[in-house]
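Several structures are given next for inspection.
In the two assemblies presented below, chain A is common to both, partnered first by chain B and then by chain C.
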Partner chain A sequence: MIELNTQLVFFLILAIIAIACAVMVIILKKISHRVLSMAFCFFAIAGLYFLLRAEFIGIIQIMVYVGALSILFIFGMMMTDHKSVGFGPERKKIHKVLSFIGVGTLLGFMLYGILGMNLQPSDEQFIGSAEAIGIQVYGHYVIALQAAGILLLAALIGAIVLARKEAE
Partner chain B sequence: MMDLIWIILYAVILLGALLGAVTYAILFERKVIGYMQVRPGPNRHGPWGLLQTIADVMKLLMKEDIIPTAADKKVFILAPVIAFVPSFAIFATIAWSENIYGADLNIGVLYFIGISSITTLGVLMGGWSSNNKYSLLGAIRGVAQVISYEIPLVLSIIGVVILVGSLNFRDIVFYQQEIGMWLIIPQFLAFIVYMISAIAELNRSPFDLPEAESELVSGYHTEFSGFRFAFFMLAEYVYAIAISALATTLFLGGWLGPAFLPGIVWFLLKMCLFMFFWFWLRATLPRARVDHLMGFGWKVLIPLALLNIVITAIIKVWMG
Partner chain C sequence: MVPVELFLALGAILFCIGLYGVLTRRHLVIVLVCIELMLNSVNINLIAFSSIGPFANITGQVFTLFVITLAAAEAAVGLAILIALYRNRESIDAIKQDLLRW
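Moving on, here comes the complex of A and B:
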């Protein structure tokens, strides 16, 4: 018998929202509804981070995924023509069976990995605080951070060059 | 369990206080603009027009609930809620005085910025689902403006965070108490950048392009009426209050002040000062043009905010 405390209740609510929204991304008809349910899914996952006391990671999840990525998707949706695009005819039965087996195997592996993990319960009040992550990122991984920055800069310049060319 | 009851009680009281504050902020705005234009402003309902906004809200609530036939119904219904809820949720971290505060989060500033960015989603949903070109244009303009000005806003806050070394609202005020100086003095450049980008962030005049009535009817909420429209308006004013509260905490020393008044009164007075500032600008300045607005944000404010971060970091390292 699992003790039904507040934390568990919130976990169940958030987990159900996250899974339901993830399923809705696939089954809904309109693309605008899909993007929205995706945003809700990200939001529920941020709630799970908060529940795990990793508030910094949770808020970054909200800022990056809900605040930025979803908006980007909506802009993409507004700027492009998507009314005439479909997903093609219904797939054959063999496809369905194969994909079902593939997903089932993945689930099996993940469950094996998760159940095999040996996690010590920690007494720390906050996990992954801004300070701890800052020291890691700007201390131990500073070269990797710089490399990622240069990569993003290159992508940014590339996008600007492409956009300018089209405008001219 | 007791904690949960306290949390709910705090939220309910805060919601009531906010609704009252918004009601009288609207009256305050109309009165201020009225006096600045040498006319009395609302004065028919109640003494000094005190019941004017209540009458307006009653009218909005009793209107017929209209959903356009061409609108995307589900999204249309959801949009005002998504726009309003984050504006209320960000008040959870505000520390009103030394002892009156909601959640004492370590990441208070980040929480404020992160949650408030969700409203953009509500605005976009409202503009998109109305199936109206004015709404869509207004929403795209609004989102482009909010995203562009969020960057200098956040960058200007970083200067304060570097000096204080904490993202917690209470720590920020305690630091100002410790150095005996409001952060507006060492962070004056950040304050200027913050104020300008906050106005753009709030879609207030002179940067109220998303609802420029001469071009876009009224922007993303053109098709909304009745209480759905009221929700969008409410979100807008609650944000004005929230941004004032944030500015008070970051730059004007929060609840600090001479001891003859309690801390929360000082906090509210400083907030009123900022509210007055928004209304004052609205009464005096003409609207900016959309390309000027974008150019100003990206070419002036962001470099200034970055400069401020560099200077602050150097000073911080120098001072140890």
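Moving on, here comes the complex of A and C:
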């Protein structure tokens, strides 16, 4: 039995917030509410990173996901003007049921495997400082860093080319 | 300390919620949001192993940075495709995009 300490309480609170917000992304009706719920879910996940003492990643998570991606999704939502968009007939009921059964089976297998695992816990929590991440990224993973830079450039150009109006 | 299995279970639950959303939702913005959720659940696993796993080291956090980069690029291109789709076909309903359907 796991004793109830402060970390576990914080973990449970953040995990429940994250799962509830993720469920609300699925079930809410309005698109803007869903995107807001997504932002809260990412915020809770950033809290989990702080709990795991990965502060740098937590800050990056808040900056990139809560700050940038939510705004990007809200812009995407506004530009596509969902009010005038007609939605056709609803998906078939059997499709939803089959998806639910498939995903539920997958979740069951994963949880069975995860909770049956007997992992050796480490003696103490590892604290990853930004300095250590920087040394690794600019040392051992420098080629991956360059590739990520090229990927971001390609995504930037691709997004502009795709989203601009065709030249007259 | 929180056992690492709980973090893995949370990651699995979030992943499955995202997968269900991708499979059943019809609004393409929501499909993209659910893909972001799935990527985030993977990040939780990486950070958990990096912090309290059996061989805790910094590599998981480095890979999380790369995953976040990928997610940002994917969302940007995805939304650009969505806007182009809306301009050309006046619909962002996932069911109606069936030009390549057999």
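In the analysis below, the second predicted complex is superposed on the first by the 126 of 168 C-alpha atoms of A that agree within 3 Å, B and C clash if a C-alpha of one lies under 4 Å from a C-alpha of the other, contacts with A are read in each partner's own complex, and residues count from 1 in each chain.
Note that a residue touches a chain if its C-beta (ideal position, glycine included) is under 8 Å from a C-beta of that chain, and two chains touch if they have at least 3 such contacts.
Remember, predicted model here, so these are calculated numbers, not experimental data.
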item	value
Which superposed partner A:V66 touches (first chain B, second chain C, both, neither)	first
Which of chain B and chain C A:F56 touches, first, second, both or neither	both
Broader residue contact with chain A after superposition on the shared chain, chain B or chain C	C
Chain C-contacting residues of chain A that also contact chain B	56, 60, 68, 75, 126
Chain B partner contacts - residues on chain A that touch it in the complex	6, 30, 32-33, 36, 39, 43, 55-56, 59-60, 62-63, 66-68, 70-71, 74-75, 78, 126, 129-130
Footprint of chain C on chain A - complex, ascending	2, 7-8, 11, 15, 18-19, 22-23, 25-26, 31, 34-35, 38, 41-42, 45, 48-49, 51-54, 56-57, 60-61, 64-65, 68-69, 72-73, 75-77, 79-82, 85-88, 91, 95-96, 99-100, 102-104, 106-107, 110-111, 114-115, 117, 119-122, 125-128, 132-133, 136-137, 141, 144, 148, 151-152, 154-156, 158-160, 162-163, 165
Touch list for chain C against partner chain A, complex	1-10, 12-21, 23-27, 29-30, 32-34, 36-37, 40, 43-44, 47-48, 50-59, 61-62, 64-66, 68-77, 79-84, 86-87, 90-93, 95-96
In the complex, chain B residues that touch chain A	1, 4, 72, 74-75, 78, 105-107, 110-111, 113-115, 117-118, 120-121, 124-125, 128-129, 136, 140, 143, 147, 167
